[in-house]
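Some structures to go through are shown next.
Two complexes come next, and they have one chain in common, subunit A, joined by subunit B in the first and subunit C in the second.
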Partner chain A sequence: MSDKHISMQSVRKTYRFFTLDDLTLELEPGQIIGFVGPNGAGKSTTIRLALGLIAPDAGEIRVLGHEIPRDQALAKREIGFVSDTMRLLPQATLGWHMKFVASIYPGWDDAYAASLVKCFNLRTEQNVRSLSSGEHVKATLLLALARRPKLLILDEPTSGLDPVARHEIISEFMDVLRDDSRSILFSSHNTVDVERISDRITFIDRGRLVESDDKERFLDRWRRIRLQLPPGTDEPRLPHVVGRSVDGQFVTLTIDGYSDELLAPFGAHVREVQRMNLEEIFVATVMHHREVRGQ
Partner chain B sequence: MNTVTRKLIAKELYVNRLFIVCASIAGIVSVLLCTTSKVGFNVGALIWISTIVAVGVMLALYGIMNERKENSLLFVMSLPLSIPDYVRAKQLGLAACFAVPWLISSAAALIFVLAHPGAPDGLLPYLVLLCVFLFSNYSLVLCGALHARSEAVTSAVVIVTNMAVTLFMFLLGGLDEINKYMWGPTPVWNHTFWAVLAAELATLALAFALPWFFAARRRDFI
Partner chain C sequence: MYSGIHISQTDERPMYLQILEQIRQRIAAGDWPAGKELPSIRALAAGLAVSVITVKRAYLDLESEGVIVTRHGKGSFVADVNGLAGELQEERLTEHLTAAAQLARGLGLTDDDLAARLRRAKRDLEKK
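== the complex of A and B ==
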């Protein structure tokens, strides 16, 4: 039995106008993967495959040691899933949902659920139909967290929320992360949230996984270098340049695989070396991969 | 049947409680209306049939199509259950939701025929066949809604099954072996009655079995 919380090997899923191809993704216990991609990249498809809601055309999926989709019921006993598109039952109150979920999950933590109700400023007697979208996400998050799952799968949970609601939810994640045995797959196109909570980043674009690395290594690898080259000066060729723009004498290079030694050939021409944030790295990675693949 | 399936059946009864209660009351009231006069009988009978048909349609539309459309299905499917578990729970849960008003309304109608001096007991076979037809008709609506991925297909199933009720009453009333005893003082349970009943029960069984072979074996559920 695999000890990985999620193991997807060479998974393929084909639709009429979209193919998720050769996806290999692994989530270790205690790890938090930020799963980043533009809209329509295949994030939700990947998550639905992991939950067994759709079946792969090829490849193997195991979640918490269970074969998916065959043993999805067993795997989902220890999974908390939240999605921005998920809606609770409109005919019932939050309190009813809490009782309902508690009756299914033996690990349900009443005290923790009560503290989340207070923290998120929710009312258990409130009908789900009357919750705002922010409150709805908080309610689904409460129902997922209070069952104390081993694995949390979050599909764009903060999408469409106002900054305050997003802050509250991300802060709650930070608390959850203190539990070292719990792993999280956090899908989003909001790189600020992902950068804040993840310890590993995976980029996906147009159905293909384009990059995956530890967050710190990712941020260390990438730099933007600004050079001032007098007329007639040849620009030294570098192995790790993935983007280049010219503005008069100034040349800006985007580098994946930065080290101090790389600057040696430029000498006094270096005007600025900038660290890049995750959003800039994400855009540069996606654009570079599209260019390489001729898309 | 596992715990989650049982909880989901209970969930159906809870979320559809208003439909169940209102339809049950409407079923009883419509039968009481039948006792008042000839016009009352006609109006009551119309309300009685409409109530049973309508509650079936509402349960299928709200219980299956709306759950899918409003993404509550994603919440349900995040629970520890498989696709066959979901199909089984949905089918049994919604069948239970329909069975309550159907049983109450059918029992009220049978009592009316047996107890009311103006209603001949010969109507009993026709009534029994109509009641069983309404249940098997509902099971077809349920079967269609569990298989359909679009609202248009479900609506088409609803329209066809609705039309089938009038057609069935017309055809059943046109069968000599049913028609000639309908207004008699005693019920006649002849071969025609048993043949129609067998066909209804076979339809019911088929409509309940199909989702277990097709909808429950879908590779892509959402």
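== the complex of A and C ==
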């Protein structure tokens, strides 16, 4: 248990208009977990709980083996946190920020920082005020990465970035994972990025964890199946159907828990079996859960 | 470093399968000879910017097919099996012939027509 980088057990946090409830989340060393949810789902609340910025009303949180929020100071030495809402001092230069962070964190790696400056095409003598929004994100990422933290927590790091900048940043994330004792919690609603780089995927909606699984298993479980049923044919009853739409003779089923055997009895009626991407799975999961919970 | 392998997110095949097939092609072509060490899972994942679990899945499948062997703590290597590359070529040939047979049926060709077409294709190749 203590070797997990993040362990949240049955965590609850109640606000006047929002409750995060029964949240259980685990992150192993060497893994990237993709944390996906619509706006207002509770992603940032979860991250703030993990960082010890707010205390839970119930449940247990441990990060890098430390009890949170009690020992947050110890945990934070080895956590790098980047959020798209983070702001650096506008009147100071990037170089000033780098010196400042280096003076606090002994793990600061000068050579790595210099290579990131080059790779992100930044200039240390430039005032933060004159950075573009993409450069600002890159600067905050650089300050977090160059400390070589064991755990990186990234809240919407790629939102608002152009495709080239996103590509550069994601390559840097993946480089971090060459070292199997480090890990990343990556919150985003960019499902394309999450699908590509995550080992595990967790969906959250309206304060509840909806689904959490290995990415490969996740993508394997879901299929969209199109059946053609001539008039008068009985519609086969398939298990694991979470969505169904009918258009004339064609029935489209969304299935969570697919296996090839499932289709065997309906061979002649099956017109198409499609895999689904993470975005489609995400939408189907969230819609289905809202339906089940009667919202 | 492994720029030869490309992952497409619009390809309908899952990413692990794209990696698996591209590695298999290299082995079948002989570019990656028996005994060659494959990049480590983490290095390939970082190089391709895809998750570790995706590359791991590709390697596990290649291993269960007997195309590569993984020695614990030492890495993964192209399997030293006699005629493995040949077997893979065989498999590809079967796939292509099946596809050709399907097309021929769609076009209404007889078996003799199809065989004649194959002979002609082979002749054209030899002329080049």
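The definition used in the following text is that the second predicted complex is superposed on the first by the 294 of 295 C-alpha atoms of A that agree within 3 Å, B and C clash if a C-alpha of one lies under 4 Å from a C-alpha of the other, contacts with A are read in each partner's own complex, and residues count from 1 in each chain.
Assume a contact is a pair of C-beta atoms (placed from the backbone, for glycine too) under 8 Å apart; a residue touches a chain by one contact, two chains touch by 3 or more.
Nothing here was measured: the structure is a model prediction, and the numbers come from that model.
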Exercise. Is A:Val242 in contact with subunit B, with subunit C, with both, or with neither (first, second, both, neither)?
Worked result: neither
For this session: In the overlay, answer first, second, both or neither for which of subunit B and subunit C A:Ala92 touches.
Result: first
Exercise. Does the superposition put A:Ser83 against subunit B (first), subunit C (second), both, or neither?
Worked result: first
Exercise. Now for A:Arg178: first (subunit B), second (subunit C), both, or neither, which partner does it touch?
Worked result: second
For this session: Would you check which partner chain A:Thr140 touches, where first means subunit B only, second means subunit C only, and both and neither mean what they say?
Result: first
Exercise. When the two structures are overlaid on chain A, which partner does A:Ile32 contact: first (subunit B), second (subunit C), both, or neither?
Worked result: second
Exercise. In the superposed arrangement, does A:Ala114 touch subunit B (first), subunit C (second), both or neither?
Worked result: neither
Seminar exercise, completed: subunit B partner, complex, touching residues on subunit A are 48, 51-55, 69, 72-74, 76-77, 79, 81, 83, 85-92, 96, 100-101, 103-105, 140, 144
Problem set entry | Contact set on subunit C toward subunit A in their complex | 7, 9, 12, 14-16, 42-43, 45-46, 49-54, 57
Seminar exercise, completed: In their shared complex, subunit C is touched by residues of subunit A numbered 30-32, 167, 170-171, 174-175, 177-178, 180, 192, 195-200, 214-216, 219-220, 274-275, 277
Exercise. Can you list the residues on subunit B that touch subunit A in the complex?
Worked result: 3-4, 7, 11, 14-16, 18, 67, 70-72, 74-75, 77-83, 85, 219-222
